[in-house]
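What follows is a single structure, and I will ask about it in a moment.
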């Protein structure tokens, strides 16, 4: 794969993002799990739904971050979390930066800036996207369990899957989800 | 199906949008075609990519319209264009309005306003989303043909599939696509 | 899409009916749900199995109606019931008639007559097909639940999904199904 | 698997026929090929479409044969033709008879009679079904090729795949298919 | 299908083994069940894992048998067990031998010798592969049940699905599996 | 995910290897591409087929390496080659070693030894497996192209996809493949 010199080349390549499955679900036996594209839309929708209830948020900025936050996976695939923890600190991010640069072509400057903000996780906007990224993960787990999936209990056992709870609207929604769809507390 | 009284209920229901296939591709023999969720993300991405080159555009507004423009299909499914032309004028929109109202629950006011703007197609923002909706259709056609699909020529034959060309950046991109990936002019 | 001028064109187009999923199941998280073609065969089989136990039935006529009753969906896709209730009275039928006419080509006269009888639902034959159309819906629900689907309880809650019970053999079979595979009465 | 003592048990088991793929296409790299259920409906539809043009045909009888002719495959799966030619003469039929008997339960007598007529292939009705069984095979080959499949040329090379041409309407339709969609004669 | 005259032709044909589903699971409603290729690898892996604990075993020989034991199914498909019991004694083996001969081409002598040993089931190596073939069947059943499949209880009810227990390590592993994942004894 | 303390736990986890798609094909639009399990069996089969023609080869050792060479991907997923080149030298291998250790449980010693030999690529056995790993990649590319895939030309353009040609039988077979199925030399 090469650098995308034109926007059209980038757009055509991005169509394959629809075929990249979210590995965490796949490795737990979910048939036909969501794609990275689907995950990304759901995160953006969450940001849009919750944004107005986050005081002082720049909604446009947050949406922009959400829209591009997993773009690199059209080249790297989706690394399951378990894989990520094995990699030496920083190597994944450096790789992602390089992939993003070659991939984004004429949009490279804009995506680089948004991704840097996302990784730093210091602005309110980046933190909301990060929280929604996790929240979406657990909403989908609840949806799959409702549809019949049987082996997703591990997701509820691991707090690393939960949104960081610094943002009130996210915390409340996640607690509502866990109460209604999570495993019984005694498990 | 009922009115979604809470945001959580809406969010859980929206996960099924990933399973709704785009009927136009399906009815032309494409295996595992994109979902409505995927289509929607691609449209939003196009709006984000092209927006800064449209003078005077409110990018946030355009992105909001893009994000919700096909939401109702989580209840109605994707009506192929050929079906739409048979319905009496206005009936589909009335139905869509009612579906959106019941579906959106606590977000009903926001979605209704955005959908009204989208349907009216009078603002620059709505018109860009409409143009990107068509542009994405044809980019995907080109992608499927590149992957091996064989029966999509009809899409190139019917100008109703093409973006309205009032917006310069969309027109240019579509012409670039057609030149590089469309059928030979003599066809 | 055009009028099919020859039988061969019609037959080739009908092969795509296999790719049209039944939306009700899809929108409830069933993976790889039955196609319209499959639904149609099961309805025809039910008619064949039960027909001899319906006094005075013209089995050939009933089979003919069953075989063609969902043909139009190769162009319109499968409208979920929830969508149908939003459309203004009569618009769907008018559209379906027009679709059927263009689709059926050289067979248009025969299909129009059968579809008119089916919609009127006055003859014993049409009523049996309608009852089997619902009965098949619920038999499939029971099958999917047996296979592991988890979110189909709503089908059992809504009497609109049940066959009208004017025909004895259908009523008895449905009650047997509900007793053995439906939810407990207290639900 | 046991004898189906009730019609309901039989009907529930038959739902899995939708999951049995037609092996000939699968073994030639077709993704998501038709199921036995789908094949069967298409054969029945062909019989219905062509039947009125076959002088003296008992259409009801022909439709009944078509509807049940592959029922046993819900237990045996679809044996590819290449497998069949290796089996000792008669063994497949004996097995099929036994499977059908256990499977059909309360319908066993009716299915046995129809299958006997089908296998004997002496009546006009049985011969039409057999011819449509082959014709459907080749129509689907043409459809898959139109959709992009690349490795189906072998089907056109082997006259065993062609309908026996004793019936005029079948012969004419097959020749029309071969002329329009088959390989060039020089191949 | 013809005799594969070259190794390359054989190798290309074998790629379709990935598309042949294991029918037993399919006929019990498992979505996207394992392929013959996948089954075969798991059997070989079991042989490799357990082999060193079987005194006096020729591990290479056992692995060779495992690797080729289902090769013929690239031409015959996977016959469900229920089908096999209907066929006259010996006919399946004769067919399989002929298929293997035509299929294997330049490797025919090696595969014939291994298959003869496998069928005779007299050597320690052949018996281990046969036991692992069953053990893998039941491990997969347990995995599918863990993932949410609901209609596999029948596999646990039929001792024909269990590995013959002459080999200690297989017996112990199967009992461990049944205790942890099988149905309660009272069922 | 934890350390697998028992062989049974390892075996159950390995069943999900069937769901991990080979990313290179997926990212080039191949529908339903082979799984890691399938890839691994084909590599083992190649080793078995070619091994006897490699002088002085320890076939058992080579088969053992082939069987386990991609085991870690049941936890990490399949990293596309394009991703690998971005990671800092050695980080992927260190991660893979740790994953393999936790995954393999009671078999950890045996897999570690085989993986070390595979990575070092100094023995004849390891080099044959590496060559067959690439050869299988390109045989599958040829198979997908034969089935209708349209966007795999890039695989033929990049010599990194080709087997190292130090082993005569592999070189000859690859040249035969390229001549028969690769792109024309002028491309």
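Per-chain numbering from 1; labels A, B, C, D, E and F assigned in written order.
In the analysis below, a contact is a pair of C-beta atoms (placed from the backbone, for glycine too) under 8 Å apart; a residue touches a chain by one contact, two chains touch by 3 or more.
Being a predicted model, the structure only gives us computed values, none of them experimental.
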A correct list of chains touching both chain A and chain C reads B, E
Shared touch partners for chain E + chain F come out as A, D
Listed chain pair B-C, E-F or B-F that repeats interface A-C [over half of contact pairs the same by residue number]:
B-F
What rotation angle superposes the Cα atoms of chain B onto chain D, in degrees to the nearest 5?
120
Chain centre separation in whole Å, for chain E relative to chain B (CA means)
47
Taking each chain's centre as the mean position of its Cα atoms, how many Å separate chain C from chain E?
40
Could you please state the distance in Å, as a whole number, between where the Cα atoms of chain A are centred and where those of chain B are centred?
22
Multi-chain contact sites of chain F, meaning residues that touch two or more partners:
16, 19, 28-29, 31-32, 143, 146, 148-150
Can the chain contact pattern be summarised as a line, a ring, a star, a complete graph, or none of these (other)?
other
Each pair of chains that touches is included here, namely A-B, A-C, A-E, A-F, B-C, B-D, B-F, C-D, C-E, D-E, D-F, E-F
Contacts from chain B onto chain F in the complex sit at residues 31-32, 143-150
If we count contacts the way the header does, which residues on chain D are in touch with chain C in the complex?
6-8, 11-12, 14-16, 18-19, 32, 34-35, 37-38, 40-42, 44-46, 48-49, 59-60, 63-64, 67-68, 107, 139-140, 142-143, 146, 173, 176-177, 180-181
Of all residues in chain B, which touch chain C in the complex?
1, 16, 19-21, 23, 26-29, 74-80, 82-83, 86-88, 91-92, 94-96, 98-99, 154
Contact footprint of chain A on chain C as seen in their complex
28-32, 148-151
